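The structure that follows is given in the form of structure tokens.
In order of appearance the chains are A, B and C, and numbering begins at 1 in each one.
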Amino acid sequence: MDLVEYLPRLGQGLVVSLQLTALSVVFGYVIGLVFALGVSSRRPWLKWPALVAVEVGRGIPALVVLYIVYFGLPALGVLFENFWAAVIGLTFTAAAYSSEMIRAGIQSVPAGQREAASALGLSRMTSFVRIVLPQGLRSSIPALMGLAIMSFQATSLAYSISVNELMSQAYQVATITFQYLAVYTVTGLVYAAIAVPATWFSVWVEHRLARGAV
Amino acid sequence: MGDALLIVLLGLPMTLLVTVLAFTIGLIGGIPLMLGLRSRTRAVRLACRFAVDLIRGVPPIVWLFLLYFGITIGAFRLDSLSAAVWGLGIISSAYLAEIYRGGFATLPSGQAEASAALGLGRTVTITRVLAPQALRTSLPSIATYLLSLLKDSSIASTIGVADMVFNATMFARQNPTTAGIVPFFIAAAVYLVISIPVAITARRLDTRLRRTH
Amino acid sequence: MNVPLITEANELAIAGVDISNLSKRFGDNLVLDDISMRVKPGSVTALIGPSGSGKSTLLRCVNLLETPDGGSITVGSQTIRAGERVKDKDLLALRRQVGMVFQSFNLFPHFTVLRNVAFPQERILGRSREEAEARARVLLERVGLAEKADQHPGKCSGGQQQRIAIVRALALNPRVMLFDEPTSALDPEVGVEVLTVMRELADAGMTMIVVTHEMQFARDVSDHLVVMADGRIIEEGDPAEIMANPGEDRTRRFLSAVLER
């Protein structure tokens, strides 16, 4: 049996993987920013829940998070399509990791920036939103790009909750054709063909940012 | 609840076994790869760079399926434990090579120069002067990587390795009620209990190393 | 740079600064010990002394970047007493009267030079963007940096960055300007560019408090010299007189150490 005729199925799977990545990264980073603000807060009722969410999200395997969403939410009477269960699980993991990266970025902004803003008479809010946050986010860009690549790879775990992404399609094609070695090799190369250049790009961006180029 | 706890804890030794074996492979396998990344020959350097990036570019689950289902020589096939250990071990080698390389990269160039000026050979310079310092600065990253490996070991459950997560999914499939998800929460708690002390130690180590530098 | 730096200076209500019985601790360490000092409107005060003498901390107390533990500070008609809770409104009002220039410039690297100068005006004086940028361009022109307006601060030399920082503060019409070792991070030949701008500002009648190691500037430009050591004022008075005839041994030692550099 010719593997080539099954390539479109892998292509369809890849599209689903990329959709999962995009959704979980966009939602995850927004929630990650909220978590980062929460963890940095001086108010205990904001700080502690955010801290627990972040440590739990980073401390448990993404696979376990997916299973909890997939098996757990229906038990609570909430029903999701598998696809959305995967989006929720991957978003949570991305949020937890990104929040630490964003927090590190914010912390890396020199204290003099905040001082200069206060000395000019800018309010604390303006100083944070317009002076500190943009610089903090900029310095966390390379880490967030790396996390986006990790998130793309992590979409392969959605196979385990039967989402029709690339890994599931590969599994099905392999089962039909019995060409396990060839199918999984091709699949691995598809993932790598996206992840490796993306990694090189993020390294390039990191160097540019380090050189102070805008 | 008692059943769920028992069934998850029965998987814990397997979780730890997979993690430790894969980590050991990575610690050793990372060394030649790191030397390649630091080679003076450009071709070797580029080849190793490409290999490390390629290994890391393929998701762990694909590595495990490739080794478990894909490797058949006659009647020989890897059992699921070996496939998981070797798969995660290969990935660890690539990540640890990169971490080792990073450790060497942060050393001041004066160290190698001073060693050379004293007339110490290249091997002695690397093994006795540079490597101990590089290892010291890499320790927090190595500990952090061990944690992510612990979490990735759960992926072995997808090829049938009977770790905590595998046992939890079996339980959930047999109990499609609310009780079905209890084992996942227990497994999650166990991962947290193992990782939080390591995370705290790594953070302390990191601040201490920063202070001494 | 023949045009006076701030032609508006005379229109401005220039304020004086009154510091009385100020103290500040960092943990167990008493860094300011019962400091009293008066800065007349339109005068230039130079603060000198060995590192760790508390001069920067004193300066930073004037705009409450540091919160004093005792005493009071009056800028213009506004008085802040230590121990009383300062309302956000009063804090901002104080900082809007007082401009500050830092040793490390602290320009905002993600803004262009023009935005660095215009943005605070929009936020603090409520100017429109056009108005703020137009004024920013005028001020940049006066310090010879018009052509840098659309670049990022990272592309400017240290001396240029410090001149931009001065302009950024001036654009807000402060009544007092604080300078915290403005030339210490600069090579001497570049520091001159910055000192020239400061001298023009002094000539235009701005109230200035300057922490500095530039003895020539202190002698030629300042009206009043304050020597600090170990958190106290050990000597103050006419700059030329103190430099020629230090009344204190510690002043003498400090001066000879600085001049020998």
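In this section, a residue touches a chain if its C-beta (ideal position, glycine included) is under 8 Å from a C-beta of that chain, and two chains touch if they have at least 3 such contacts.
These figures come from a predicted structure and were not determined experimentally.
Trainee: Show me the overlap between the contact partners of subunit B and those of subunit C.
Mentor: A chain counts here if it touches both subunit B and subunit C, which gives A.
Trainee: From the Cα centroids, identify the chain that ends up most central relative to all protein Cα atoms.
Mentor: Central chain is A.
Trainee: Find the chain most remote from subunit C, comparing centres computed as mean CA coordinates.
Mentor: It is B.
Trainee: Give the chain pair, either A-C or A-B, that is connected by more C-beta contacts.
Mentor: Most contacts of the two pairs: A-B.
Trainee: State, to the nearest whole Å, the distance from the C-alpha centre of subunit B to the C-alpha centre of subunit C.
Mentor: Going by mean C-alpha positions, subunit B sits 54 Å from subunit C.
Trainee: With chain centres taken as the means of their Cα atoms, state the distance from subunit A to subunit B in Å.
Mentor: 20
Trainee: Distance between subunit A and subunit C based on Cα centroids, please, to the nearest Å.
Mentor: About 46 Å separates the centre of subunit A from that of subunit C.
Trainee: Which positions of subunit B touch subunit A when the two form their complex?
Mentor: Residue list for subunit B touching subunit A: 53-54, 56-63, 65-66, 69-72, 151-152, 154-155, 157-158, 165, 168-169, 172, 177-178, 180-181, 184-185, 187-188, 191-192, 195-196, 199.
Trainee: Please give the residue numbers of subunit A that touch subunit B in the complex, ascending.
Mentor: Residues 55-56, 59-64, 67-68, 71-72, 75-76, 153-154, 156-157, 159-160, 167, 170-171, 174, 180-181, 184-185, 187-189, 191-196, 199-200 of subunit A touch subunit B in their complex.
Trainee: For a test of understanding, state which residues of subunit A touch subunit C in their complex under the given definition.
Mentor: Listed in rising order, the residues are 110, 112-113, 115-124, 126, 130-131, 134-135, 138, 212, 214.
Trainee: Touching residues of subunit C toward subunit A in the complex: what are they?
Mentor: It is residues 63, 65, 88, 92, 95-96, 98-100, 102, 104, 106-110, 119-120, 123-124, 152, 154, 165, 168-169, 172 of subunit C that touch subunit A.
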